[in-house]
Amino acid sequence: MRAVLELAGRHRLRAWEALPWAAALAAFFVFPNHLAFGTQLLITVLFALSLDLVLGYAGIVTLGHAAFFGAGAYTVGMLAQHLGWNEPLSSLAAAALVAGAIGLASGLVLLRTHGLTLLMLTLCTMALLEEAANMGARYTGGFDGMPGLGFQPLLGIFPFDVLFFRSQYLYALAVLFACFVVVRVLVYSPFGQSLTGIRENLLRMHAVGAPVRARLVLAYAISAALAGVAGGLFTQANAFVNLAVLGLDRAAGVLIILILGGYGRLYGAFVGALAYLLLEHALAKAYPTAWQLGLGLALMAVALYARNGILGIAASLHRRLGGRRAA
Amino acid sequence: MDVASVLLGGFAAGMVLFIVSVGLSVTLGLMGFVNLAHGGFAMLGGYAIALSMREWGLPFPAALALGFASVAALSVVLERLLYARLYRASELDQVLFTIGLAFVMIASVTLAVGPETQTLVLPEWLRGQADLGFIKYRSYSVAVIVAGVVLALALWLGFERTRYGARIRAAVDNRRMAESLGVDVQRLFTVTFAIGSGLAAVGGGIGAEILGLDPQYPLRYLAYFLIVVAVGGLGRVTGVFFSALLIGVLDFVLKIYFPKGGAMFIYALTLALLLWRPQGLFGKRTA
Amino acid sequence: MRAPLLETRGLCKSFGALEVARDIDFRLERGARHALIGPNGAGKTTLVNLLTGALQPSRGSVLLEGDDLAGLAQAKRVKRGLARTFQINQLFRGLTVLENVCIAVAERLGVGGSMLRPAGKRADVIGEASRLLEMLRLQGDAGRRVAELPYGRQRLVELAIALGLKPRVLLLDEPAAGIPSAESHILLDAIAALPADIAVLIIEHDMDLVFRFARRITVMVSGAVFAEGSPAEIAANREVRAVYLGSALDA
């Protein structure tokens, strides 16, 4: 059966999948003066990728994903500031653990609900963390956050330079690659397939005997840990952390990035982050209002006409052309 | 401050929350539509009211009527042209669309009017203090409370005692059943959406002195409007009234006594409450 | 004496004042071909929901081989061999037919939560799913998305998913509903060819199908068991004819 072959080969690497990584490496040499931007881009891709796992695959609509990005960012910041724990790799692991634990705990209670209630609960969880970070000024620096953090050189060799971002860029790229491999393995596994099943039909998923809630909570916790890694990278690369890492702006932003790129298709996070950050870079500073207007119109258009974002449009074009060839 | 004036301040804030949120609750209950742009209608109304008074010298009541009518009309157009295409769409599409719409509203107002905060030019009879016998308090806040209570009573009567209200209640409880009994839920929704948006506009106007009014209003208070609706239960006028009062008073009190941790307490409370009763304090559990 | 495979004792369910199941004592024997009939709103689907654990009874109990299933979640009951189809298709519409069945097979084999090996490398899962599709003559559609299939073919996918769970008890809720009669023979053949050791309970309005297939029939009216017996006994039962069969048979 052709379908069997198709399914059996679906997880195999395609040649074009090397493209984004080759481009990211090439950018390191071609744009040595834009590596700060590049680093933010890689971190954003990772954050959007983590959201894709819960939103695109498991179908959990959340308005509070920045809670985990912020948890990771503050974990790294507080460890460096108060405990002098500033070895990058281990503090990144700590960020993943803390964010993952928060994801696990909140997922256990939140994912019993659906719809508006779930939306509200994710929003409230994030707002709660934001207020906590604001209030616990002694530990978190409050409104001003923690500026001027210092980190040890990566692997003891490559120092972080807040002006040139060379180490940060390659470091972020390597971390993103590792996390991408994790997500890619997950989504093509039976676990990933069952998340898609939950998104497609909850009732049926119960009826085939799947432990639906356990799967959702697990996916939520993994996604939270990955978002925490992205947040931790943010703090390490920029040497500061402040309240902007866990507000509604960031949560809505990453949602928009993923939707514009195309959710539930792994590379949507890459395309969306690139398009969004480039446009933002070009427009937002000079014409902030026009940027917001355009963004709003784009969102409305995506919701009304192009539900699968940029990659979705590309795929349907490809299918139309390919269909003609096959016929 | 003494207890009475704290309570009055909280009541006034609660009334504004009620007037803005009640439409959101009913439309959510009726269509299950997650309208994150609802605060945008309140803002647009607030601008229409504040600007028509300042620029054209319209009297306060006339400006309120203008705000209600213009925003209600705009919302009908948007509902028929755009919202209506998304009733069967996923929650995610609704969320995206309405966040996008909120952005467009914010940007449009910033472009047209500017980013600064707007103030209401209050008529003479609303400035100063009113003597309530037991306390002297800001006339404006007293008027807001009176207006809120009157409006709540009117809405409650409309909901409980008119055929139109009965249809809405039936459709909120069981849409399919109501449709099979010949209720045109689509039309019901259009009309309710218009009234709800118009009320939000009025709330945006009279709340300008309490919540402030600037282009960022729709997103700044989004969480509060949603909390009021979620706590009150979907499609319940009385539920929204009491939850708005509760949140208004709590927020007011906490901001005075715990200026730093007040909001956190409200979020924590909402979290706990929704985990305990996902359908809200006053909502019915749906099977 | 061995306990019956599936049994309910005094099963009751009410929503507020509305009683949808009243004191139901029902037995399904091993290898049964049992039909559940009754007018619309008689509570047939409610009984299925109570059996699978989608609904919790207000009173009474459901027993599988004598074990009380009270408090056992739906997923656990599936693991113990209780599978169902839905009256209205409940499928993974965006996925291919093969994937639909693979999800069910993977859950049964206990690998639905495994994270490391790609689903495409699970030859055991895919092999079993494709054998099921061949049995139901769905192999030609295996690579198509379910949403693209005509409704009748989707009904077959519904059955394939349930069979992928290798049930001991199969609850079929109006399997032929919505299928054009020209296409229904594939489904009927498939049901007739089900392994003899599966106990099948079928809810059906098509009396031809019921009398051809069933060796035992239970009639429900207003949430209660009205009559039970062999097809011949039910056909001869005057009261049943009066409340139900008469109109259906004449039609």
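Side notes on the structure shown:
A, B and C label the chains in the order they appear, each numbered from 1.
We adopt the following convention: a residue touches a chain if its C-beta (ideal position, glycine included) is under 8 Å from a C-beta of that chain, and two chains touch if they have at least 3 such contacts.
Fair warning: this is a prediction, and the values are worked out from it, not measured in the lab.
Considered apart from chain A, the assembly falls into separate touching groups, namely B | C. Set against the Cα centre of chain C, the chain with the most distant centre is B.
Relative to the centroid of every protein C-alpha atom shown, the closest chain centre, again from C-alpha atoms, is found for A.
Each chain gets a centre from the mean of its Cα atoms; for chain A and chain B, those two points are 33 Å apart. Distance between chain B and chain C, defined via averaged C-alpha coordinates, is recorded as 48 Å. Centre-to-centre separation between chain A and chain C, using Cα means, comes to 42 Å. Contact of a single residue of chain B with at least two other chains is seen at no position.
Only residues 55, 61, 63, 109-110, 112-113, 115-117, 119-121, 123-125, 127-128, 131-132, 134-135, 248, 252, 255-256, 259, 289-290, 292-293, 295-304, 307 of chain A touch chain B when the two sit together in their complex.
Every residue of chain C that touches chain A in the complex is listed here, in rising order: 52, 54, 74-79, 83-84, 86, 90-99, 102-104, 106-108, 111-123, 125-126, 130, 133, 139, 142-143, 161, 164-165. Residue ranges of chain A in contact with chain C, taken from their complex: 1-4, 6-12, 185-186, 188-194, 196-197, 200-201, 203-212, 214-215, 218.
Put simply, chain B touches chain A in their complex at residues 28, 32, 34, 82, 85-86, 89-97, 99-108, 110-111, 219, 222-223, 226-227, 229-230, 234, 260-261, 263-264, 267-268, 270-271, 274-275, 278-279.
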